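There are two complexes below, and they share subunit A, which is joined by subunit B in the first and by subunit C in the second.
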Partner chain A sequence: MDDKPHFRNIALLWLLASVIVTPIIVFVVGPGLPPGTGTVEAAGQVTDNTVLLALATPVALGVLVYMLYAMWAFRERTPEVIVDGPPIRGNASIQFWWLAVTTTMVLFLAGYGTVRLLADGSGGGQGPNPISVPKPPAGTRVLPVQVIAQQWQFTYRFPTYGGVETRTLDLPEHTLIQFNVTSLDVIHSFWAYQLGVKADANPGVNNVAYVTTKGPLNFEVRCAELCGVWHGYMFNSGTVVSRAQFASWITQQRVQYAPATGNLGPYSKTYFPQPLRRGG
Partner chain B sequence: MSGRAARALVTAVILVAVCAGIGIYIGLYLINVPGSVAATSTATGTQLYLATVPAAELTDPHPDWVSYYVVNSSSTDWRHDTTFQVPANTLVHFTIYQYDTATGLRNPYFSQTAGTDGSVLYNGKPAAVVNPAAPAHTFAIPQIGLSVPLPGANANAKNLCANAPCPLSDAHVTVSFTFRTPAKGLYRWQCFVPCAAGFIQGNGGPMQTVGYMGGFLKVV
Partner chain C sequence: MSTIAVTPGAPRTGWRQLLGFNMLTGIILGIGGWFIGYSAIGPHIHGVGVAYYATESGQNDIGIMLGYFLGVVGFLVGLGFANYPVQRMLGAAPSLAEKESEEQGLFRYFSLSTDHKVVGKQYMIGIGLFFFVAGLNAMLIRTELLQPNVHVFGANQYLTLVGLHGAMMMGVMTSGILGPFANWLLPIMIGSRRMAFPRIESFTFWLLMAGSVILLTTIFFGGFQTGWTGYQPLGDQGTAGYDAYIGFFACVGIAMTLFGFNIIATIVTMRAPGMTWSRLPIFAWGSFATATLMLLAAPMLIAALLMATMDRTVQTAFYVPGQGGSSYLFENLFWFFGHPEVYILALPGFGVVMELIVVFARKPLWGYRLGIAGMLGVAFLSFFVWQHHLFVSGMNADLRPFYMLSTELISVPTGFVFLCVMGTLWRGRIRFTVPMLFCLAWVFNFLWGGISGVFLSDVPSDVTTHGSFFVMAHFHYTIMGGLVFAFFAAIYYWVPKMYGFNLNERLGKIHFWVMFISFNSTFAPLFALGLLGMPRRVVTYATNLQGLNDWVSVSAYVLGASMLVFLFNVVWSLGFKREPAPVNPWHSKSIEWQLPTPVPVHDFDRFPVFDPDPYPYGVEQVPAGAPATAPAGGAAA
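After this line comes the complex of A and B, so read on.
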């Protein structure tokens, strides 16, 4: 058995690699991570992803450095003479620190994730009784928007604007949006990528997700739950606009779709429309 | 050649043949696109005549499925295609002979016409909205915001059409509308009435099969 300080060498190499790569991950890669910083929740997700990457980088580097070092330092130098390696021995110190470090990391991540989820829900659907309700920006009120999923188009209903239903989605800037997501038929999923929101649309269920908009933004909406052959075509787009532009848009929608609004039933968090199926 | 080498060679040949067969099958499937029908240019503009029926032709692979057909102005010359070719950035006139009876809309939002250039005419009379229980089908292109409900034929009529093809003497509603086609591309259209009899939610079967209650607008 050789007496080279392999552990020290691996530790130093790992430390050097971590000091170089981790800042690159945090300051160069992190800011460009999806889904962008268009909303408070989306920006929070970028931060969360950066934290996870920053923690994962030294772990990954540790595995990589150890593997490469072992491939080089312990390579067979005299292949014509096969010798058995030194016997494996236990090492209580390594075992203790291995458990301590990994347990600490996991507990930290559990705590961090819990705190972040409780802060604003992270753009995910929280079911009909959300436990994480962000505060709206000062001087504003929550804007409830119902997302109605049906095979194969999303429509949007605004209960505080006469219950008008629209096929496009404009949202005011600097506003807390309460998405109430439901479905009229099968399971869909409302995924507004740049808004950082993703919530399942289940029939007979109201799934609430929160997003706080920031400045002007163009976003795409896609269905993220396979819902039939035209699932891939179930998409549209939306924009975050100034409050004045939103007021103008919603007024125009109320006028344009007044006849349809007259045919819509009362606003409800869920619907059980008939017919369920065509007779026959 | 030794026995082992021969077996290896035979195995390799069979493997190549199987892979080639799979590749050819997939390739043929991918290039086998549904046929399309072009709108015709007339003195009054680009025109397309369609029909919706409660059941396809008796010789169809699915004779009990609801379906769209391409027809002519006298509701003869029936062609079972649901990919329609139209020119880009052009006003196109659609006339739909609607022979099926009402099912009703699952979402009453679609009871209002949208995306047309001018009014939609129902048996010659303009209307912006219909009773949500009245539509048998709709014609909608979600990408461009076009949505036209198609009221059902009188369910008590004595001359209801059973299977395609249906003559104009059978009970029907004539729906006419015009819309401006978008830029070149392929745009999906569908019906928003859950009209697929016997399927869960009414959106299976013909509703998810090109050639029946869904298709494409090929804008060239």
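After this line comes the complex of A and C, so read on.
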């Protein structure tokens, strides 16, 4: 049996790799991570993803360095002869420290994720009774927008603007938006990628998600839950615009859809259309 | 514990075996059962039950479900599963032996056999068949995704392909490793001559096959648009193709429950004297952990599907919102089964990798108890994580931190398994045989699968990745990279003992390298696609993603081609250059390699004596036939 300092070698290689690779990952890859920094919540997700990457990189490197080193250093050099390795059956202190380190990392990750999540809801759907409501930017009020999903389109209803229902989505900048996501038929998922918002649309359920817009932004909306044959075609796009532009847009929409708005039922958190079916 | 094996009457041989109960009679009675249910009884009760969504479509879900049910019953009766209960009721003596005589030759494989080795081989071929069908579906899916908006298949066909691929892989491959290898190996490993319930063992196999055929019939009923998750109320809308989905997963659920039950009963009650719990091979522990999941999780699936069936046939409204039902009910029931399900797929791989890495590092398993704790820990925790599939669904917001914690906690016991593998390699004498290459690849693949899982378990991060191709990449790394790589490791390792011939090593290495490289080349870009905003199960996508998608599709074809290399290897090694396998080609010290090849019908002439040490590498003389002797142990690291 050789007595080369394998353990030290692996530790040094790992340290070297981590010191080189982790900063690259954090500072080069990190800022480019989705979904971008277009909204407060999206930027928060980027931060979160970067922290996870920063922690995951040394762990992955540890396993990789060890495996590659072991495959090289401990390879059978005389394959034509069967020789057994030393009967090492474990090492209590390594097992203990492995358990301690992994558990600590997991608890830290869970704690960190919880703090981040509870701070502003991170743009995720929180169900009918949201627990993480961000504060609107100073001097503004929250803008409620209802997202109505059905096979196979999204429409948007603005209860504070006469209940008008629009086919496209414009949002004012620097505003806290309250999305009330619901569905008329099956489960869909409202995924506004650049906004950092994802909330399932369930029939008969109001799923609330918050996002605080920043500057002007184009964003794409896609359905992220399989909802039938034309699921792949259930997408559209929207923009975040200045307050003045939003005001003129919503006024124009109210005029354009005035006849339709009169025929719509009253605004409600959920809808149960009859008959409860469409082609599947 | 002893059972009396009554010698059956002289078994039929040759063509006369066609006259008995076998697959042929099974198929005939199965088709008959279908027509009785669908054409004879079904039409008469049409109209009693009207599904909410199927009112106007004119399809008779009751008739279809009855057809499937009676078809399965007919198939199983035709195979002879009713014979023994009927004989016992008529006063026959208890017996366990059916189709165990080697004189019956190949016919044993097409019938109810109580020889665990026959059932293991039946599973190998049956599962292999559907694995290749499902893999072919994946090729077709990737063909559709070659271009963002040009359609080789229609949207409905595409979604049916996605559903077939998912359901078949998730359903049939639950027994991917345990089916062939636990059935074949477990009794030998624990010093038993059979599983605890040999007829149930055979029953699970034939039920799984009946279910898989039912799934394929979906093609004749318009397919299903729900993917393997079968979410409601989308499923309620579906045409009769969704009934095939229900019939399939119901069969899989029942087969899994019984299989798990059988494995647990076998390990608990059938161990030979001296085979204590602390001497069990780690693969047996992996099977045990998996079996607990099968036994406890699969009934939830059966319940969820029964409720879906009732919604579709007798006008209940479990999943119909607005009628008192809830779409969340199905999601929760399904994932309460579905998350343990993914560990049902992964855990046997843990067992195989730890079992094999020992042989090819030629060292005892490092941290045997830690490995067991890891697998049991994963099994236990997997029941407390299911709502991470529903993080953005509008579930109770207060519960999310709990599921975030429980999900991330699973990485601790999974880390135990990694530590065991890494520790076993430490100062080993690593031999890069084909099975070992697959085991080492497992470590790399599962590493990426695990790391990406951390992103999905973290709610703020999951908001982006949920329901996107990132998820797809993640679970293909864990299931294909974990289960399928371990599956092939097990095939290359145990085939010489099971079938008595060696697989060609050079072709095996070509298979491995092509598969490993193309696997990573296929699934790593999917992480990027998901992060760039491509949702799952879409038939069309943003044009700027075409480059990556094309790369993935081409890699997927190469991955598919690597399977052909494997098939070629089997044909070549079996038909053209047949090398009879030595008794112990790997110089393994496990018990199955000490038996003669082929293993006799009753495995052991007498109960084997077990060493207190399941992995006596480096402490004993190597088995006879090895060209050199082992060193006299060594100091700890």
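One rule holds in what follows: the second predicted complex is superposed on the first by the 273 of 280 C-alpha atoms of A that agree within 3 Å, B and C clash if a C-alpha of one lies under 4 Å from a C-alpha of the other, contacts with A are read in each partner's own complex, and residues count from 1 in each chain.
Just so we're on the same page, contacts are C-beta pairs under 8 Å (C-beta built on N, C-alpha and C of every residue); 3 or more make two chains touch, one makes a residue touch a chain.
The structure presented is a predicted model; accordingly, all values stated were derived computationally and were not measured.
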(request) Go through the superposed model and pick first if A:P144 touches only subunit B, second if only subunit C, both, or neither. (result) neither
(message) If we overlay the two complexes on their shared chain A, which of subunit B and subunit C does A:T155 touch? Say first, second, both or neither.
(response) first
(message) For A:D185, using the defined touch cut-off, is the partner it touches subunit B, subunit C, both, or neither? Pick first, second, both or neither.
(response) both
(request) May I ask you to decide whether A:M71 touches subunit B, subunit C, both, or neither, giving the answer as first, second, both or neither? (result) second
(request) State whether subunit B or subunit C is in contact with more residues of subunit A in the superposed arrangement. (result) C
(message) Contacts for A:P58 in the overlay, against subunit B (first) and subunit C (second): which applies, first, second, both or neither?
(response) neither
(request) Identify the partner contact of A:G38: answer first if only subunit B is touched, second if only subunit C is, both if each is, neither if none is. (result) neither
(request) With the two complexes superposed on chain A, say which partner A:Y233 touches: subunit B (first), subunit C (second), both, or neither. (result) both
(message) Between subunit B and subunit C, whom does A:P172 touch in the aligned arrangement: first, second, both, or neither?
(response) neither
(message) I'd like to check the shared interface: which positions of subunit A are touched by both subunit B and subunit C across the two complexes?
(response) 185-186, 228-230, 233, 276-280
(request) Would you pull the subunit B residues touching subunit A in the complex into a rising list? (result) 64, 103-104, 106-112, 114, 128-129, 131-132, 140, 142, 145, 147, 188, 190, 192, 194-204, 207-209, 214
(request) Within their complex, state which residues of subunit C touch subunit A. (result) 52-53, 55, 155-156, 158-159, 225-227, 229, 231, 233-234, 237-239, 320-323, 326-328, 331, 361-370, 390-398, 400-401, 404-405, 408-409, 411-412, 415-416, 418-419, 422-423, 425-432, 440, 443-444, 447-448, 451, 454-455, 458-464, 466-468, 531-533, 535-542, 587, 616-619, 622, 626-628, 630-631, 633-637
(message) Which residues of subunit A touch subunit B once you look at their complex with the stated criterion?
(response) 148, 150-153, 155, 165, 167-168, 184-186, 228-230, 233, 236, 257, 259-260, 262-265, 273-280
(request) In the complex, go through subunit A and note every residue touching subunit C. (result) 1, 6-7, 33-35, 41, 44-45, 48-49, 52, 56, 59-60, 63-64, 66-67, 70-71, 74-76, 79-91, 94-95, 98-99, 102-103, 106-107, 109-110, 113-114, 116-118, 121-132, 181, 185-187, 189, 191, 193, 196-200, 202-209, 220, 222-233, 272, 276-280
